[in-house]
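Here chain A shows up in two complexes: once beside chain B, once beside chain C.
After this line comes the complex of A and B, so read on.
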């Protein structure tokens, strides 16, 4: 698989979709059968190492999925190269920042 | 029967316009191409392509009542009036219903639409088993009318880079051909963010193909083969 091939993004998008699908299904089941009584209980659950790892995995999948999706939209609709580069950099920067912020929240809470 | 036809002659017109016609049909006029022939008798400036008039050559591909198809195999009966006839969407118009297919055929040539086999030729011919021949069904029938490519939004956004459903269907036709020896190179050539991966499976291609083919399925099969080769 070449680094800049379309296949890499294609595979990432589908794998991340599967992870998100599993996450949504698990969250739905948890909410339907044994939802946390309140925020304190949810925070206690999120502080467990396994739960934190799952949340990080889901966040990673979400941001990767968003990147491939937005990148595809930009490739389709934004044709001037300088503008396209700027938009892609902006999107990538925003997603990295948001992803980093999410990781900091999850990890500091679990420690 | 009433018709509304897209008219544009770049030598005379500043911009395209619609022109209304009343076709005086004969009892044996059954297809849209028959009606166009009648209209051409009334107004010989109407310009369109046609050749075989039986759905084999693909020359008279056009947009009829909002849907890409071949005029020669589209029955007049059942069409809502006025029947609107427009050139294939997104293709540059040369005149009236005639479009410029240069880019379309450039993509076709890009997939190398011929068998590549450097093996020593056999005494008579390269034979195929029934199963090997079966794999070409649903692919070889493409007549390159461009109905699918012109109706594909992914092609509208990147016509210069995305090969489009017709070209990719043809690519698959040679990738799966047992007599071809260049499947790996063909797949490597297609592993590109633009050439192949602009397809979003909107399925307009399968919806409008006048031969009933499914380019979206062929595209998906190319992606699966690429995945298998890389794993």
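After this line comes the complex of A and C, so read on.
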């Protein structure tokens, strides 16, 4: 857990927030000013290797951001050490599984 | 001064200014977004793989869920931008921070309501 605590967690939380903010801004601008886009366009775009890399970067930022945020909440409210460890392990396991599933979805779509 | 401190955290008597509401909302919406992560990943999979991914009837319960998800995403975004700006000391005066807190709260509710009306 040392890997993602203290100042490093603080910095990563803000860096990942900026990456996600850029993603949300780009998607919003595309929807607001581009040609009307449907699911077919999204699929064609996501099938490109570079787009898949962007989606993986955004997913990585999202799951990292979620881990630091939920970890902060758990440290604030769950005090008994065995329970805290169990909850953190459960959260970490869920994030690893969901992150892996996301990567499989994005990569298999682009292949 | 120290004798003025409350001995009990009585929530009915705690002062909860608008900045605190925006801040706790950021935390609550973040937890909500985390708890609904399986749904977001599933939605990504459906939108990439299925021909007609979201062809369903939207009942009253789904509308409440839709409002909550849109509100949570928007509030976490707006309040998060507010926190990032205050990290670099933008909008830290009491007046500006109260104004931005109101903007985040109202903007997020507006996005939630828009999600109810649009589809």
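Quick note on the criterion: the second predicted complex is superposed on the first by the 103 of 111 C-alpha atoms of A that agree within 3 Å, B and C clash if a C-alpha of one lies under 4 Å from a C-alpha of the other, contacts with A are read in each partner's own complex, and residues count from 1 in each chain.
In this text, a residue touches a chain if its C-beta (ideal position, glycine included) is under 8 Å from a C-beta of that chain, and two chains touch if they have at least 3 such contacts.
Remember, it's a predicted structure, so these values are computed and weren't measured experimentally.
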item: Chain B versus chain C as contact partner of A:42, first or second or both or neither; value: second
item: Which superposed partner A:11 touches (first chain B, second chain C, both, neither); value: first
item: Touched partner set for A:77, first chain B, second chain C, both or neither; value: first
item: Dominant contact partner of chain A by residue count, chain C or chain B; value: C
item: First (chain B), second (chain C), both or neither touched by A:109; value: second
item: Residues of chain A contacting chain B in one complex and chain C in the other; value: none
item: Partner chain A, residues of chain B touching it in the complex; value: 154, 157-158, 191-198, 223, 226-227, 230
item: Residues on chain A engaged by chain B in the complex (per definition of touch); value: 1-2, 4-7, 9-11, 75-77
item: Contacting residues of chain C [partner chain A, same complex]; value: 27, 30-31, 33-34, 37-38, 41, 44-45, 47-49, 53, 77, 80-81, 84, 87
item: Residues of chain A that touch chain C when the two form their complex; value: 14, 17-18, 21, 24, 39, 42-43, 46, 66, 69-70, 73, 91, 94-95, 98, 101-102, 105-106, 109
